[in-house]
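As written, the chain order gives the labels A, B, C, D, E and F, with residue 1 at the start of each chain.
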Amino acid sequence: MIDPVILFFIFGLSAGLLRSELRLPPAIYDLVSIMLLLTIGMKGGIELAKQPFLELLPQMLVVIALGIVLPLIAFPLLRYLGRFSRVDAASIAAHYGSVSMGTFAVAVAYMSARGIYYEEQMPLFVVMLEIPAILVGIVIAKGFSKQTNWAQVGHEVLLGKSIILMIGGLLIGWIAGEEQLASIKPLFFDLFKGILALFLLEMGLITSKHVGSLKKYGPFLIVFGISMPMLSAVLGASTGCLLGFSVGGTAMLAILAASASYIAVPAAMRISVPEANPTLSLAASLGITFPFNVVIGIPIYYAMAEYIHAFFGA
Amino acid sequence: MSDNIKKLLTIVTEAALENILIKDIERLGAQGYTITDARGKGGRGSRSAAWDASGNIRIEVVSDAAIASQIASHLKETYYDNYAMILFMSDVEVIRPGKF
Amino acid sequence: MIDPVILFFIFGLSAGLLRSELRLPPAIYDLVSIMLLLTIGMKGGIELAKQPFLELLPQMLVVIALGIVLPLIAFPLLRYLGRFSRVDAASIAAHYGSVSMGTFAVAVAYMSARGIYYEEQMPLFVVMLEIPAILVGIVIAKGFSKQTNWAQVGHEVLLGKSIILMIGGLLIGWIAGEEQLASIKPLFFDLFKGILALFLLEMGLITSKHVGSLKKYGPFLIVFGISMPMLSAVLGASTGCLLGFSVGGTAMLAILAASASYIAVPAAMRISVPEANPTLSLAASLGITFPFNVVIGIPIYYAMAEYIHAFFGA
Amino acid sequence: MSDNIKKLLTIVTEAALENILIKDIERLGAQGYTITDARGKGGRGSRSAAWDASGNIRIEVVSDAAIASQIASHLKETYYDNYAMILFMSDVEVIRPGKF
Amino acid sequence: MIDPVILFFIFGLSAGLLRSELRLPPAIYDLVSIMLLLTIGMKGGIELAKQPFLELLPQMLVVIALGIVLPLIAFPLLRYLGRFSRVDAASIAAHYGSVSMGTFAVAVAYMSARGIYYEEQMPLFVVMLEIPAILVGIVIAKGFSKQTNWAQVGHEVLLGKSIILMIGGLLIGWIAGEEQLASIKPLFFDLFKGILALFLLEMGLITSKHVGSLKKYGPFLIVFGISMPMLSAVLGASTGCLLGFSVGGTAMLAILAASASYIAVPAAMRISVPEANPTLSLAASLGITFPFNVVIGIPIYYAMAEYIHAFFGA
Amino acid sequence: MSDNIKKLLTIVTEAALENILIKDIERLGAQGYTITDARGKGGRGSRSAAWDASGNIRIEVVSDAAIASQIASHLKETYYDNYAMILFMSDVEVIRPGKF
């Protein structure tokens, strides 16, 4: 049975494709994203507080390595199979190396609806995975060019809206703990799935605008937008299994690896690699990969995690 | 037509450039600027302002002619190739010419 | 005892008439309307899923007929008694033939607060009733003029914000069903009356701006704005009784018939019959009929339904 | 004063007209437009932008003089009688004249 | 243990000081303030309905007197110790004589988290305290000048957004009563602390912008911004004890006295005493006093109330 | 260049002044005005529009030259000393000169 929040995405997508007047005010899109990011962060923080932080360090390094490897795989595919220019290939690769908060939010809802356990450190990994691919993308596009203002890139990336909200949420959850946060639970936790539904409605509307530009760029982008996440999911699931994660945690890492950024990376690329065409990467990540992942991908990646565990786990 | 005639430079461009542009504008000598949010369409397609990544801003700078054309040519060289951007200039009469 | 959400309307109206600084940002008005429409739609969809759709078809045709008849009654009253120009009379008639979502939302709250049952298909009828009056209004104003861009009118009407949200909600409710929607219940269902209170606060503020323009148009509009809904309610209640509805359902149809549009119809008329003065129709529907209906009308129409049932029912 | 002088046409009107007007503007040859949300007051009363039905938009079009006056007279004929609308024009200096 | 809503304030403040991109859309800030003010008002109204109004009148007069005395104490300190110009000293004095709704909201959360009883009329006193200091400030700045448009000042002050929302909430709570308001409780009451968290996040971001301007105005403003509220709290607590309030009520009056306005008074001063520098008063009230009060002050003032009660009470 | 040339007066100032200024503008004879929300920076510092107290508005008034300069000098005398405010003027061509 399809999750009702996915129905909101399909509804938004259809309304957009039918060119209806429906749109959410930008301020509401902002509110909804802010609440999702804070809640995801807090959920992670609450759980993280329960375990020693130092044990996570090696895992974090492995996850960062995954974030470096993914764009390095995507780039040659795009450059040589897809025949994209160097900068465009680098920029798209960065999108696919990084992660999508929206996909992660849907995955969180998916797991909790099914009561599937996953390791609590996932929100931390989201932050870890968001950043390296951006840096790799810039370096591929421009080399270690003097022209790149690394201080500015660093600021942009670390203090961007989504990272800071997630880190803020993590810290608040960590410091306050579950009991203390009970008083704000009705807003942030109980409304989570409803807020996610509104978010996906808007994502559907936004996606509908990018589906159109797909025609321009031919079938390669469509193929890439589906097969790259599958490949990344295999790598993500293998990494999860290697780190000894539960099936849920393995699936989560697969989902994170499979997801492609459409907020943090486009913003960073726009400033650091302006020669790259933003329509191209958004058409792929928003027009193909995001809908594929939330509607079809998540259950596939979960099955993948089960499969890997059955063979290599335990 | 004395020295209380200044240039009004109007720039319409991607919202993502806001922070960078106002640094440029101040560095090149403008005494101030005014920004409004906008949407629109041009050679680089439609920018609907439906979410962060697709909004425009409209920046106005009142300054003397030399500074205005310096800003204009700096922007042209630095951003025109890769960003959605237009700019246009006109004469305006101001009340306290010393301010600009 | 007056419902507290009505107190919010009165508060907004008073604040507006006192010329206070209070206003809700347009983005919030949008959010609140979107949530009300989605929720009403979903509530209807959940119930519709429980019964065979085909049985509704004849009812739907009757309701559409009601939507055609109402403006045809209103028009001559306005044209010959009220001495309005043809286009103004046609436009106002369209407003009164159509429905008001806000009034319907208050009626939903009224019924559920009293535990009154009504037929589940009401949200479907809202959609059915919204459209015909618009087309009738345009035809009265302009004849079957070639000048009218019917494709555009159709698009405007069917894909307008309120219709699409309600239909989207209906479909989501229908497909997902009550159990599945439990996860988004805290946002959409539990907060419904609170959101309605915010909506009515804003409606009060907006209404206050239209009360002023009533003076300009003399007493006829005031008399019309109260007696037309009464007349429509009688027709609506009769139709409901004829269709074999319960007292609650009969009252609901009376309320729908009595309500006058202030969102969908003004937008459609502005584009299709631009010669009509929008201040005129909004002064009537927002300045008179909406407050009359939500504060006084709903209980009257309910009594009407009981009365009709006592005589003709069973 | 060469060919890098263009016309800036500014239109202030009801938000409800947005979709229709941009079709007209493009059809009549403009290469782009910029829109901002606005409120205001004029001969047809106060438009407060408090909700959908009462907002204004402010459209700017940079184009050559012929297109600008064509748009202006089309709008005047089609919408002036029935909609809240004003429009005004001025000369602006642009940087890439070929673009407009 | 620090309240989690305070963590949101600290998070916002840190994000702002780190110059992150994070900001809440103004429409959301508006929504959040509107909901807090309505809720506080309704809570007060519900309680007020339970007791005879006339008994409150003498208390209200005493509280108004407090609102007149506080700026008269602050003014000479600012003028002669701080060497501010007459208008600046008058304007800052008005800020400190008036109250901060945000601080009151945090205090409400503080008390309810600890189950501390306080007199129900507090929201009424908030309204009483907001106004006199503004008038005193204007008179100190300009004398009973003919130039001052008192009608306009009155309108501005009495119909300003925050006052009208609080009065509206009070009346709705009073008329409807607790039982009737149960239907809107999920939005306004259950989400209160979550909404307060979002509000404080934004307040942290706004505060961060004012911390910077403190450097310009030297250490006097910092000292004043901490010691003036302490002094006011002593007076407020004494007044509370004198009026025979409980420890909670005494602490509440101390907190109200200690808080400094940053919404209503700046707006009124900008119009009525435009010569006063608004950066100065906001730097003090937002940059120093608000954070001091919500993070450290409230427990201190509560201890103060206990102390006074132990000595003079009962 | 006949009587369809009017003055466009643009004012950028603190949002708190909105209600007062539009009274002034109407009293001094303007037939209308258009307002957009703005942010910006000038001699009195940065005005970010992050919340109520820190926003700017941008007011445009089209009128004949006499009224425009009357408004300009009234604003200059009354508000320039104590409020963040700039104003500038230019010529614009209008279509229905009688309207302004």
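Note that in this section a contact is a pair of C-beta atoms (placed from the backbone, for glycine too) under 8 Å apart; a residue touches a chain by one contact, two chains touch by 3 or more.
Source: prediction; values computed, not measured.
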Mutual neighbours - chains that touch chain A and chain B alike: none
Selected pair, greater C-beta contact count between C-E and E-F: C-E
Chain A and chain D: spacing of chain centres that average the CA atoms, whole Å: 41
Chain C and chain D: spacing of chain centres that average the CA atoms, whole Å: 34
Cα-centroid distance, chain B relative to chain F, in whole angstrom: 20
Junction residues of chain C - those touching two or more other chains: 25-27, 30, 186
Where chain F touches two or more other chains at once, by residue number: 36-37, 90
Touching pairs among all chains present in the structure: A-B, A-C, A-E, B-D, B-F, C-D, C-E, D-F, E-F
Contacting residues of chain B [partner chain F, same complex]: 6, 8, 22, 26, 31-37, 62, 90-96, 99
Touching residues on chain B, where the partner in the complex is chain D: 10, 12, 36-43, 56, 58, 72-73, 76, 80, 86-90
Residues of chain C touching chain E in the complex: 1-5, 7-8, 11, 15, 18-22, 24-28, 109, 113, 186, 190-191, 193-195, 197-198
Footprint of chain A on chain B - complex, ascending: 14, 16, 20, 45, 48-53, 55, 79, 81-83
Chain B partner contacts - residues on chain A that touch it in the complex: 23, 26, 29-30, 202, 205-206, 209, 262-263, 266-267, 270-271, 274-275, 278-279, 282
